[in-house]
């Protein structure tokens, strides 16, 4: 009892998507009777993240859960932790292959590019030919990969269709509005998270285009689930972050106590949330979903 | 004494030489530029105008505060963090603790203004540069915001403010629109475009003038009158021009500076409240880098970073330039990552122009 | 003249009063604090020590540049953007264009130093505050970095540098480790812990001293000797203390300032190269806010924001404090959002302490 | 001309002032009467500026009493003393180069105009009065909006004095107003002092120049290392005695010899 | 004492200097010979500081010629003129308050010591020389590491002069060195000028004080609004004539009368 695990993410402090994971860690920690520490680079700098992994290893926990935000940057620190005899589970971004190469026990998640591509393919099937990818965090490599994946899924070059929107909601809203005004033939929108989605919903409402344009988003929050219900958003890509936090803690605890662990990696997503299945998701959007 | 050794400067040229000249010229250039390259992209249609007006108004709200503070000889790097903090406080108080929204708003204003006063107090008490003191506040406030919102709500984005604000008397002052009747009427008479289809079919494309714009105008007028037409305005110039000299002739410099820090905090809080009321949510990362953007507007507007010189009208024009350039690039379809490159370039050009103008005014070398 | 009207100050006290006194006291306090609250968390085991040493070294590399520049009376807000830019240039040149890595590194250094020189040139030519000029560079460089990397690779992260660097002669100078033989030997003799399993089984937990630490030490020694023991160091103080006075007695102030901007760019480039070589990838968001962190280290280290006063040793101690506090909070398991709150608080306390010390030294009021 | 039989406007009794370890004033007494020019003389660092700053409310004395029109008084800020009627022209000129002459002139006492419940600064009055007052001092401004930074040192000095006189000071304190001025400008300032004194205002005049002091002074107080060396009345002291007093006496003799006594 | 029969060290011929629309110097000629003290006098804004800055290489003349030891010379920077042997003590003191006395003393000409291929600043020598030179000027420093900010104005002036003399200047330029000084400090500076002059160095001395000028000057050149009013030799001009010249003459008479002629 009382094992100590460290979860290292690549997200900056203020990225709200990670709250679900933080909450799931707390739930899992309580249920299993272990402590889980959540750590992240405050500005989202992956080089800082590598230091945090090293530091986590130095503090000799019973296990490390880490995202493979960038294989290059993290391969050194993660394999060093493995080498030290610390059980490691990788989550969220990165591929199962990378996870294996690092010597991690298993991987829980879904890679960014593939998620974007899946969304793009579905959007294409629903008729999207020209789109806007609202990137609220352009300096983050994962966001660009999502846009790129979506573009490849739709089957058109990304080109100028990625909007560097910034974080400020009024700016996001007005940049989207400006883009749509200047490119009236746009028939698809993909937003990369609540930070971009909420103001985009507002922009579409103001422009009278709500429901007129295909709209997909990553992740969930209250506004998004409302928009899915009223038809503004066609679908949200859900990778079920709760599982990415919860499962590794459970796995590691059992591994530490009884030496048992599933032999294969777990795909937590991609799942699509649409009008059809929103009801059950809605209540917990943003906290556990 | 140097009269006869000095060439005469024409009346016209003298009338032209004002702190806001550079910004005025810049604004004209920028409008001309976008009229040419994005004239038919909808940027200057009603909806397009609303678009960049709102963005500019947002910049203007914080620029007015930053402008007066900068003229008083200080600046505040914590504006951005303060925006995130103020919004989060409103959301926590109203959504989480269930306070009435008007009380949450007023409390948030009170707390922010108190923090502004604390910034000012630290600066005048320790004699440290405001860069350092407010850099510390930047970190402390941002940390507190994230910590507070995670502590109380397990999220860094707190929604549901719109629902909480329904029926509140104070919320529309920040989040509403005015003149909606007029716009509807104009829409009905075909004077302005209406939506052709979709859920809003028949309504005018622009529903009214956003309260944010009203706040921006009100703050600009207030700031301009305060600065140029009142005793206190003279003290602001004096405090920034030479604090010691001002103190000697009886200007209460410390009071002026602290009040300006408080006013800056007030502006940040207006910004945050308008945003929270319009979008219905607060997030811990709101306002990132806004401190720089405010300073950039003010400096483009002709103010002197070292204090004692500047103009609110100039700062407002700076905000307009900033907003128009930012939105114009989207209207014209330029690669959006180049926005920062443009911004940097405009900043440096504007400042060089302003320096030249200021030297002509003051005879400074 | 005031001798007999002045109380005598003891020799001991005078020996103690140095610019870096505040930072020294701070460092002792910080170590004491973490020894107590995180003493058995592995923070002071070999691996833990390596961890915060490397982080501190990282801060130190940019702090040395920022320190000399600040003493010369200017500062550079574009350091963070420069780090992202330099790394991206190396990655694009080596991975995308297939240049040999050494050539990519040298080119990147050349470009960055040229940009540093341009910053400096703009500052001395226009007489604008460096805050404004380098704020513009901050935006321009970050925009260019994003644009360049998306243009050439359709990503903001560029990997594969490690593969490209295999066998290169220059890459290990930035990304390698020294004393690996010694550590292996110590590991074999059981003096230090070794890995128990996995691909590195049998190797010591700490493979050697990272080149980043070597660079940091080298830059600190270089900066300290330059500043305190050479003619040029005297000019740096003079340029920052009073540029006009220095110019009058023949100090080539403009040259000194431009060189310091170039040196700061050099340090940023060392930082970026070490990072790229160690991790094998460059990303457009590297270095965000590092400019503030560099300035904070320098100011904690006792330098004066307005120039003319400070110490490289102090800045290095500032970097150590910063690194230890940041990593120590992780070791002690504190809520990570509180890190910023701590940082801000430490900053303000350190600066107040330093101000007090400086007043004692200079008799300034 | 002199009015030393009147009651003093301001009386400073046994003023001490300490800055941390530095004792700047060590018991100085001094008074000014209406219509007289009282010169304050002394070496560099003797404490003259500190003393008048205490009088003007910039510093609070560590001990000692200030009496204004016979009443014990304690000035908390320069504002207080200004309102009591003490106007000061500081050694480090209290002018703000980037601001206009009119704004500088009125700084701290801006004229106001009511518009409903609001009060605005009356720029029209400010400009007119400034132009008129400057003209009276013999300086023709191009326009009241001219920045002070474009004026010469002598002109700035004049603005400062004109401002002090205009606001109806009872006491005018001038800290080394002539040190950087040319001969003509100096004569101007001395003539102004003379004019002001004749209006019944008490003037405190600090200078290092014996001749300037003798030209307008009615009484002379010499400070040395924070103490008074005594006060002399005009006519009771020769220039040579005064100069010796100012320099501390002894050491000067040798130098004077080699330089022909023309210091 | 005077050595005006020698060839001039530096000769300035018909110097003009314009700053944008302002004509600061409008054809000024001037020379300094070894061992003489040449006083440069004139009203505020007459162009004295601009003139000596041209001589010192701070400004480049718009037109006119500078001859140094008979050779036409063009100084690109203060460094050039310093190296030629022209040392200048500026009106706005060229001292850096936060730096130590020794570092200030050597600023721009730091002594160096070779260690292998590297050259370091020789702090030991710098400290020793500074202490010795300051002692020679009559100032006992506590330690050479003392910050200049802790010195009094007179002491700072002395550091500046000591520095100029030590570096073997051929010409020493002093711009209003006495304006802020007390009587004793002034006497000290004048005595120093006298000492320096006796060593065969040419001194250019700017002042507004006729008596200071007459105390040490061998020749007197008066500037007025950017032009020379002429050069007089010691003994050929009375103090009153000189004063009239400095003030532009006319206007002064009236003032003098009312003030008793003691300006």
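Think of it as A, B, C, D and E in the order they're written, each chain with its own count starting at 1.
As a working rule, a residue touches a chain if its C-beta (ideal position, glycine included) is under 8 Å from a C-beta of that chain, and two chains touch if they have at least 3 such contacts.
The structure displayed is predicted, hence computed values, not measured ones.
Engineer: Determine the shortest chain-contact distance, in steps, between chain A and chain C.
Structural biologist: 1
Engineer: Measuring between mean CA coordinates, which chain is farthest from chain B?
Structural biologist: E
Engineer: Name the chain whose C-alpha centroid is farthest from the C-alpha centroid of chain D.
Structural biologist: Most distant chain from chain D: A.
Engineer: So which one's got more C-beta contacts, A-B or B-D?
Structural biologist: Greater number of contacting C-beta pairs: A-B.
Engineer: Between 0 and 180 degrees and rounded to the nearest 5, what angle rotates chain D's CA atoms onto those of chain E?
Structural biologist: To bring chain D onto chain E, one rotates by 180 degrees.
Engineer: Whole-Å distance, chain C centre to chain E centre, using C-alpha means?
Structural biologist: 44
Engineer: Taking the mean of the C-alpha atoms as each chain's centre, how many Å separate chain C from chain D?
Structural biologist: 52
Engineer: Indicate the whole-number Å distance between the mean C-alpha point of chain B and the mean C-alpha point of chain C.
Structural biologist: 33
Engineer: Give the residues of chain C touching no fewer than two other chains, as numbers and ranges.
Structural biologist: Only 1-2, 142, 146, 150, 337, 339-340 qualify.
Engineer: Check each residue of chain E and list the ones that touch at least two other chains.
Structural biologist: Expected reply: 43-45, 152, 154.
Engineer: At which residue positions does chain A touch at least two other chains?
Structural biologist: 13, 138, 162, 164
Engineer: Under the touch definition given earlier, write down the residues of chain B that touch chain A in their complex.
Structural biologist: Going by the criterion above, the answer is residues 38, 41-43, 45, 47-48, 51-52, 54-55, 58, 84, 142, 146, 150, 154-157, 159-160, 195, 197-201, 203, 205, 207, 212, 275, 278-281, 283-288, 290, 326-327, 330-337, 339.
Engineer: Along chain A, where are the residues that touch chain C in the complex?
Structural biologist: Residues in contact with chain C: 13, 37-40, 42-47, 50-52, 54-60, 70-73, 75-76, 79-80, 82-85, 103, 138-141, 143-145, 148, 158, 162, 164.
Engineer: Which positions of chain C touch chain E when the two form their complex?
Structural biologist: Where chain C meets chain E, its residues are 1-2, 225, 229-231, 233-235, 237-238, 241-242, 244-252, 304, 308-309, 361-364.
Engineer: Using the touch definition up top, name the residues of chain E that touch chain C in the complex.
Structural biologist: 56, 58, 77-79, 82-83, 88, 90, 92-99, 103, 106-110, 112, 119-121, 123, 147, 149-150, 152, 154-155
Engineer: In their shared complex, at which residues does chain B touch chain C?
Structural biologist: 122, 126-129, 131-133, 135-140, 142-144, 146-147, 150, 292, 295-296, 299, 305-306, 335, 337-345, 347-348, 351-352, 355
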